[in-house]
Structure formats: structure tokens, C-alpha cells
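First the structure, in the form of C-alpha cells, and then the observations on it.
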């Protein structure tokens, strides 16, 4: 008998959500994760549970994100119960502030197009300066307007990761931290997971190794053309509550600190910060909220997104190595609920939304050919 | 855009001042940045302004610091006082804030001379107002001529603990007790290093003289004390501990604690320089050669920031680093450097002789490296040792995952007073070496700055280049 | 909360004095010393309550490393008292928990 029915490779938000979903379905799961300093987008992200503007070119991705946002309260409650941690989920609607009329106009046009593609079921509105001010009195004079969507919210992503680690163990799964998985081999009686410190067998493998997927996927007949995309983020000292809705670039976290993001840069595997980008992010934040000027910045950081060529998730099952699947995405906070509640079921053969196959990696071959 | 210098020195203690002297004399353009209002570093705090009586209380070693101040007189040396360095990039751009305004400069060579901080000494009650480090007590004496309220108890281990007691005594102030936590077994472990130390017995003689003066003054000295607990409602009122097999409780209005000093590695860590664990000094230090050269070209470290060796050694180290920089800048030849380095090299070696004995003798007690579960280890975020152990049970193999699980090290001090403890709690629980467990990833800013200051560094007016959503 | 236990000055007579206030109460300090030192000499051992649990804290390291000496100075929240020199007329206040976002600089 194999060491486990499912080997999940990667203990970030994606791997842990899948592992939790599998373990709660009674599957015997082992998670393989790296140690303290692995690249981990799950440790450096912005914490938004965000639907607006997702899937502008792929309406099914928008549906999927929205489904996840709807499943989030249940996930939060369940994880809260097993871990005794309040994940600080709040979904009061989200605001995307604009400092530039043209930029705002273009964003509204994109959102209207998406709404049409979704048959009109896509709630959002554009608010002018004064209307935004009624929701957030603290905005500065340079804010021209904002997109507001009731679908959006935010959560404490670090507590989410911790709660998933607690929950996964609580559900009976094993988590093996240590050296990275070097190799995965497929034999007639299943899979072998090779690490520097041993070899484990599994009936099924789910690749959730973030940026590590690119190297591992071809070993088991999968394709994961993901590359790092750096985001830089600022966090301030704690302040008393002043901002009770999340905005796309500035939000106040549960402890009171103000988190300010973020950039999108191709910087290879360099997760350091750069002064120009951080200064620009800081500058933009003071234009959104001039009263933040005197608040102290405690830390800045860079983290690497796991980016597919079109920015959308890749969910795939191996044709050549049955039992192997791949789960990777850019918005692993937002999608955590869908991953745990729906995708884990899809992996073990349960019914799933009929649009799942649009997320297969073969779309990249088609895009290239076309 | 930013001013350029041959050399930027961060830290105006003995190491930085001595280096500035050598570089200034050679006509290099030097900027010496320090966040204190006055030069002198930790040991010579307030040296330029201390009154005669204050100097005599602090002793000859302190007064000797004044001899370093002429370094600042060279025309090519700019001392920027009150300048907190908050970021140093691998490209040798240095960002600092002075009176709420941020500036940047660029240097060909960077000398990090940021000295030491006191090793964390977590025990129940160490966060109560009125509990301070012995170094803080000394700084109050040096810069403000202040003495702590009585009854005053000193607790902990290390030469500095006795030095401050002796300095207080010279000021006519008798502390009420010394509660020494040096473990009983240390002496036996130190003895093999004694012959080496006898080759430079200056430190030993001074130490013994200090201890004798404290004994003569009749200050109660509790040895091998354990199980420290500071008690008080809103501020410290008493210290409880066990010594000689008996429990004790000493009332106190001030409690000064000390557990040795460790290199301040904030800048070297933020640059991801190579660091090594020193199992004798129980701390990390950046890996350097004899001239302070680090794993990154253009960066040198001198003084206690490179490994604890004391003030005089710091000055020698500063000069050695400066001479190496002069050679790199083409101002002197390799031969000249060697000739001019020999005195400082020899002196540095001599100062190092006494170290292993002192380090082994004053090796910190386990109780403070692996505190009990209920003890706060991260003062800023109030995270206990027990929480860190829970995170290890949840799979954390190092401090960075523990930090993201429970916020230890996320406060404004950036892990300065919990980093060593968190790593050692994890190492002990996993049965691993400190090197395997590692240290916090240090990120800018090294000290909090306002968003306005950060935004003021956005020098490029091109609005189109704003970061993407 | 005023503590009767003051830090004492060694050279009591010397030095120019500077007047500031802490929570509205007058404090006489010596020119050149830090706000944290001046408060300790005036018997104010704690200048803040933490934003995490509300527990009282006072200066711990006096060298700018621990951030337990934070106070509000001239309207600016969370300044390090041990790194700020006293000035005549300075208005110093206790930090109680997290700061307000708009406690701005006087500059």
C-alpha cells in the first residue's frame, strides 16, 4: 500500500486549501513543503478577496472568483472553528480608487464589457469623487472617482495560512516540511516523491508548488508555464480604525496597520524591494489618503506572484500519468474557498462546474497556435 | 541626483571615528552618519559634552574616547548627526532621515560600524516599566548624569553589569543588590581559555578590581541565580529569584538587567551578507576578513558589529578597514597598507586574547535563551515563547514562518529584541543548530519612517510610470 | 499615574534648563538631554500603553532600539523619546494604544 492516497506538493495557500478539502473528504493526504526560506507568495500577499476586474478576458474566471467569494464565509467559519483563530474576513464591498480620469474610464468600459459577457449579472458601480467621499471621508482631493463592487472583501492571509495548517493536521493529514521535492516518478503502481531525505509513495499527486510547479510538472505529464512576477508592499505601524472598506491598493488590517500595495514587475527570482517602486507606491498612497503622510512605515517587502501567461489559474489532470493533477493560480487568497470546497472535489472525481476545462494548460498551446 | 562620497561610514563609535580619522587624513571624501546627536557611539556616549565630574565617575577608559574626536576635524569628513540610516542597498545607496526629512547619498565604499545591542534577556516581567537594560542605565549616566531610583537591583551576567555597578559606586550611588545569573558551570568551561587570557590580563585585572570594590562596598551579590520574575502592578516593584537553593524576593524601584552584548546585524542582514553563528559568543556575526571585508564587494564591517571585542579593539578594527579602503581607492599601495596596518593588527590580536575566556565565563544562561512558555519574547507584538513552540508544532522550521504565523518580529523594533530568542527557542525545540534554523529576513526600512519621507524619494515625476494595479 | 520614585541627577546644579509639559504637567529638563531622560527624572516611568494589550511600558534600552519609549511630541505620534532632544515649550503626551491616523507632525 502506498504511503498516502494523495501527495500534495507545496504548503502555500493553494496546497493547504486543496489538502484541507481532500482531507475533509476522508482522503489520506500527505503535504510536502519546503522550509523557512522557500519562495512563498502566501506569506507576502495583499489579503484581498477580490472579484471586480478578475477575468476581463475570461468570463469563466470571473464566475469562479465570484463563486469563491460566496463560499468564503463558510470557509472562514469552519477554519475559525478548528483553529480558534479569527481570520478577520470582512466582505463589505471593495473600492478601486482612481487618480486619473482616463484610467477610470477605461476600467469602467472593461467592467461593462465583462458584465455584458456575463449576461448582466455582475454588480458594480462607478462613483464620482463626492460619492466616494461619502463612503470614505478620508480620500484626498486628487481622487477622481472609484469603482465599487459589493462582491469584494479582505481577510488576514497569514492567519488563513496558519489556520489551514492547523485544519489540515486536525483533519488527519500529514505535513512534511523539509528539503524540496526533487523529483516525482510515475510507475505502474502509482507515484514516488523523491526528496534528499527519503522517498515516499502515493496513489495520486497534486502539484501545488507555486513557482516550483514549472520544474515538477513535466515529470508527470503536465505543463505549468508559470513565472515569477514581483509585487512590492508596504506596511505601517498600527493606527486606530479609520478605513472600513478595502481598496485595491490600501487597506487597514485587523491589527490596525495599513497595508499598501503593490507593484507588478518581472524581476526573476529576486524578491527584494527597490527604492523607486516602493517610493512610488508610497507616493500614490499619500495621494489617495493624504492623512497617511505622517503614519510610519514599519516594513516593506517584495514577494513573487505565481503568474501564468494569461494571469488565469491552471487546473489540469495529466493524460499520460493518471492520478496526477496541477493546481496553480495568481489569486490564491480569493480562490482559497473554491479550492477547498469545489476544486478538491474535482480532483477526486466529484462533479464540478462545467467550465472547469477552460482552465487546462492546453489553452496556452492553442493561444500560441492562434 | 544624490551626493557621492568615496566612503560612507555608518556609526560614529570608536570604529567609525577611527576609520574616519585615517580616511580624512588621506583626503578621501567621507560622510559619517550616526543617529545620535553626538559622536562617540555606545561606549563614549556624550563624550563631547560630559562634565569633568561626570568623566571622573565614568573612569579613564571613558575619558580616553575624547582622543577620537579630532577625526571629525578633517575638511573632507562630514559628520551627519541625528541621521538614522533606514536603508542600504547592494548598489551602495544609503538612505537616511534627519529631523523628519529623508535624503540619499551614494558611496564608493561603505563601512558598517553600527556596534552592538544588548542581548535579549526575556523573563516574566521584563516588560514592566522600571525594568531597563544596564546599558540604558549607563546611557542615562553618561548623557544626563542620572541615577536610577532606589532600591535598585542589577540582574544578569557579563562584564558590563559589574562595570555599571562600579561606575554608580564611583558616583556615590550604591545599588542594593547584584543578582548574577551566570550559570555555575561556566567557570569550568572557561578555565581552558585562561592561559590565553593571561597573555592579556588587562581585562582580568580590571574585572577583579571591579568585583573587589563592589564587595568592599558591601553590595549583596547573589550568584548563579535562576527563575527570575519581575513583579509589579504597572511598574516594577520586586524581583523574585532562586539563589543558593533558596527563593528570594527583593523589593526594587528600578531593575537594570543585562545579558551581554551582541552584534547589531540589522544592516548586514538586510543586505543578505553571509553570517556565521559564533557558539562561544552565542550570536551571529557577518563573515569578514581581517580588514572587515564582507561577502559583498564594497562593504566592510568594523567594530562590535562584526563580532564583540570591545571599544579599543573597535578602534583598531576601524583603522584596519580604513587602510584597506585606502588601498582599494588607490591612495596607498599594498605594501604601504601592510606597513601601516601592523600595529593595529597586533593590537587587535592582543585584545582578542582575553575574549574566549570572558565569552565562556559569561555565556548566557539557558533560562533566557529558551524562556518558559508564558514569557513574552517579542516585546512589540507581545508574543510568548509558548506561541513560538506551538508554531514549531505546526511545522515552522525557522523564524520567518513563525513570524508570519504569529507576528513575532513584525513590530517597530524589527526583531532586534526577539530575533535571537525566537531562533533559539525553535532550534531547541527541533534539536537543531542555530545555523540550520537561521534568522529573520530583515527588510527596509531599518527603522520606521513616515510615509511622507518614503514618498519623498519618488523623484521621478513621470506619472505614467506609477505602479500597476 | 505619577511615580514618586525619580531618577536623580548627579550634577544637580549644572546646565541650562528647558521647560516642557507631559500630559499638561510642567517638566523641567536640562538642555541637551532626551525627552525620555527628562520624563524619568520627573518620575514618569511609563509613557505609553501598548497597542496590543494596553499594558504600560517605559524606556527600556535608551539607545533607539526597543521602541518602548514612544510618546507623542508636539502633536506627532509615536516618537522615540530616547532619540529626541528636549526643546523649550515641547508638548509631550502619553501614547495610549494605537495612534490616530491624523496625529500629524507640527512641521
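Here the chain labels run A, B and C in written order, and each chain numbers its own residues starting at 1.
Keep in mind that, in the parts below, contacts are C-beta pairs under 8 Å (C-beta built on N, C-alpha and C of every residue); 3 or more make two chains touch, one makes a residue touch a chain.
Note that this is a predicted model, so its numbers are computed, not measured.
Using CA-based centroids throughout, the chain positioned farthest away from subunit B is A. When each chain is reduced to the mean of its CA atoms, the one lying nearest the mean of all protein CA atoms is B.
A count of contacting C-beta pairs for A-C and for A-B identifies A-B as the more extensively joined pair.
Averaging Cα coordinates per chain places subunit B and subunit C 23 Å apart.
Centroids built from CA atoms put subunit C at 44 Å from subunit A.
Chain geometry summary: the mean Cα position of subunit A and that of subunit B are 40 Å apart.
For subunit A, the set of residues touching two or more other chains reads 237, 255, 292-296. Of all residues in subunit B, those touching 2 or more other chains are 411-412, 448, 450, listed in ascending order. Touching two or more other chains at once are residues 78, 105 of subunit C. Contacts from subunit A toward subunit C in the complex involve residues 138, 237-240, 242, 255-256, 258, 291-296. Residue ranges of subunit A in contact with subunit B, taken from their complex: 11, 33, 35-37, 43, 53, 96, 100, 158, 161-162, 165-166, 169, 175, 177-178, 232, 234, 236-237, 248-249, 255, 260, 262-264, 273, 275-286, 292-301.
The part of subunit B that touches subunit A in the complex is made up of residues 87, 89, 93, 95, 104, 391, 394-401, 404-407, 410-412, 414, 437-438, 441, 443-445, 448-452, 454-460, 463, 465-469.
In the complex of the two chains, the subunit C residues touching subunit A come out as 51, 76-78, 97-105. For subunit B in complex with subunit C, the residues that touch the partner chain are 35-37, 42, 49, 51, 53-54, 57, 84, 100, 117-118, 127-133, 135-136, 139-141, 143-150, 171, 173, 234-235, 253-254, 264, 379-382, 411-413, 416-417, 447-448, 450.
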